[in-house]
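Got a structure for you, questions after.
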Amino acid sequence: MKKLFCLVLALALSLTALSALADTLVMGIDPEYPPFSYMDDSGEYTGFDVEVCKAVCDLLGYDFKIFAVDWDNKLIQLDNMECDLIWSGMTILDSMKEAGYVISAPYYDNTQVLVVKKDSGIASSADLAGKYVAVQLGTSGEALLNGDLQDLTATFGQLVTCQSFLICFTELDGGAVDAVFVDLPVARNFAAGRDDLMILDESLGAEQYGIAFRSGDAELCAKVESAVQELVANGTYAEIAAKYPDIVNNLLFLNAD
Amino acid sequence: MTLETMIIKMGEGFGKTCAIFFLTLLFSLPLGMLVALLRMSKNRAVSGITRLVISVLRGTPLMLQLLAVTYGPFYLFGLKVARNKLIPVVIAFAINYAAYFAEIYRGGIESMPVGQYEAAEVLGYSKVQTFMRIILPQVVKRILPSVTNEVVTLVKDTSMAFTVAYQEMFTIGKQIANSQSSFVPFLVAGAFYYVFNLVVDFVMGRAEKAMNYYR
Amino acid sequence: MGDLLQINHIRKSFGGLEVLTDLNLSVRKSQVLSIIGPSGSGKSTLLRCATLLEKMDGGDLIYDGLYAARDVNGRSEYAPPETIREVRNMFGLVFQNFNLFPHYSVLKNVMEAPMLVQKRAKSEVKKEALDLLEQMGLRDKADAYPCQLSGGQQQRVSIARALAMNPKILFFDEPTSALDPELTGEILKVIRGLAEKKMTMVIVTHEMAFARDVSDYVVFMDGGVIVEEGDPREVIDRPTKERTIQFLRRMREQ
């Protein structure tokens, strides 16, 4: 009798395992966006968003997979089912909602800052008249400069759109641009240990990060959101966040009160 | 944003795309001939080194060469990165395309029957006269289709200049696409490239026709 | 002396294989000399050495008293470029495959070398070129391109091209081999016409009738040496050497 019970249990367990296997969640990330999503020294994808998503999958019993999207075309790739969600320090834009994508509640409040060389004499955005300013294509910084901050952009000598933030900073180091307009955490990450660079105090346009789902995936969104809340409640979320001190202050769920 | 503004904005970038295209051809077509001649040199060291250089240029991505030309001098020697990106972009493109043209030229020159050289030699033509008057005109006719292929590829390759932050047409297209969350700029970019290549096809077709008077 | 072309003790090998072995040949002014022999006999190599397309290993090459190459201790030493240029100006060569310049019209094929190499005036060269084409029966083809001509017509153009340089001696390398048999007659006619005008010619051929009809001296080569030479009727109709007899029998059987 006991044996039979064990057998049935084992069968039931393996069936659950099988059904879980069928449910795979493919996370779309920008693999070059530390500390949210990036490749670590051993070649594994990691980062705050990656770890949280992994924990969510564990909780929901999904098989976890990562897909590195082309950031410029992330929404196309989402539509093409190449991934199930975009979760990678993604700024929530009104245009995404208008286009019908399901967007989660924001979890991160970001600010855009200017990184300059200390000896450049640039102290605020007012000093950027006639200067070359680099920004990464497809980032919220770029959207801001071509949108709400258009008047500021008009004073620049040239707005230099770059493929990656590494190119932005190489342009700055090499003297081809005078400032880089970038997300605060990225700026902190890059300027850390660099005596010659500084981040201007002025923050230009606050924005929030969320998770994007295909239109019609509202149910999945709700599932993921409640799983995140569970992680917040059981402390896992804070544990993960503690590994990323640069962003911990901007996480909305940890600083709710 | 209306389609019209989109086309106007991307049209501004199209000028920069054209700059890459024409300057690259201007420099790479003759440079390729020089490289082809070095490659066919009887001096083994010269031909060996040229062969190695060609294989590196053809065996590595153009994107990598763009990065190397633009940022290499800064990382290696601390030289300033150029603000006007057209210069490093054209250098990288011209060198890369010269390697491809060189191999096309070489193929064309080596396909010439030896009898043409001998006929010219017996008639007393000098080596230079033989090459310029007898060999080259026939080589041009033979290689024109392959050159056309490369030129068409060049039109599309110009979009790679974005790698080193050169703000050509496709970059602007991507910017608009992002800010508008729309595919339309990509369609516009595709139309620009397609029309450009129609013109290229037309011009090269005329050139081929002009040389059809003999076989 | 008095020979227009003199080749002494020529030796030539390709990669250790000796193709010409201590061979002598001289051509008098106004002589029409045919060289016959099986393929691989060295007759084409001899012609290519004589026309400087191939360098001899040893021996003398003398054009009208001018040394193009001189044998020094068994090795041919070639004259400096100026002399070579002068020598080249003395002969013309008609190729088996014509080797016309396909991107030039017939007239330009004939005219360019005299103008470019001999620096002669265009008007004079043009008049002469048109005369030559007239002789070749191709006056109306002056503006055509080689690809528009028959093989026989192309070969006649290439003869005109060689003659436009006013050579003292004209070489033919199997001039009818690339032609349909019915077209060989027109080339034969042209060569006969040139012989009547006392043109000095050396013709490598495997057409026995051709060699017998047109030449006044015939050389039979085999294995890199001259086996038999003399009056064409003698050599071709009444050969004395075993190898010549065998070769001619084989030719007739074909």
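For reference, chains read A, B and C in written order, and residue numbers begin at 1 within each chain.
Everything below uses one rule, namely that a residue touches a chain if its C-beta (ideal position, glycine included) is under 8 Å from a C-beta of that chain, and two chains touch if they have at least 3 such contacts.
The shown structure was predicted, so the numbers you read here are calculated from the model rather than taken from an experiment.
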Distance-to-centre winner among chains (Cα means, whole assembly as reference): B
Most distant chain from chain C by Cα centroid: A
Distance between the centres, which are taken as Cα means, of chain C and chain B, whole angstrom: 46
CA centroid of chain A to CA centroid of chain B, Å: 39
Inter-chain centre distance, chain A versus chain C - centres from mean C-alpha coordinates, in Å: 83
Of chain B, residues touching chain C in the complex: 113, 115-116, 118-125, 129, 133-134, 137-138, 141, 213-215
Chain A - residues contacting chain B, complex: 72, 75-76, 93, 95-96, 98-99, 132, 134, 137-138, 142-143, 146-147, 158, 160-163, 167, 170-171, 173-177
Chain B - residues contacting chain A, complex: 71, 74, 80-83, 85, 162-165, 167, 171, 174-175, 177-181, 183
Chain C to chain B touching residues, read off their complex: 51-53, 85, 88-89, 91-93, 95, 97, 99-103, 112-113, 116-118, 145-147, 161-162, 165
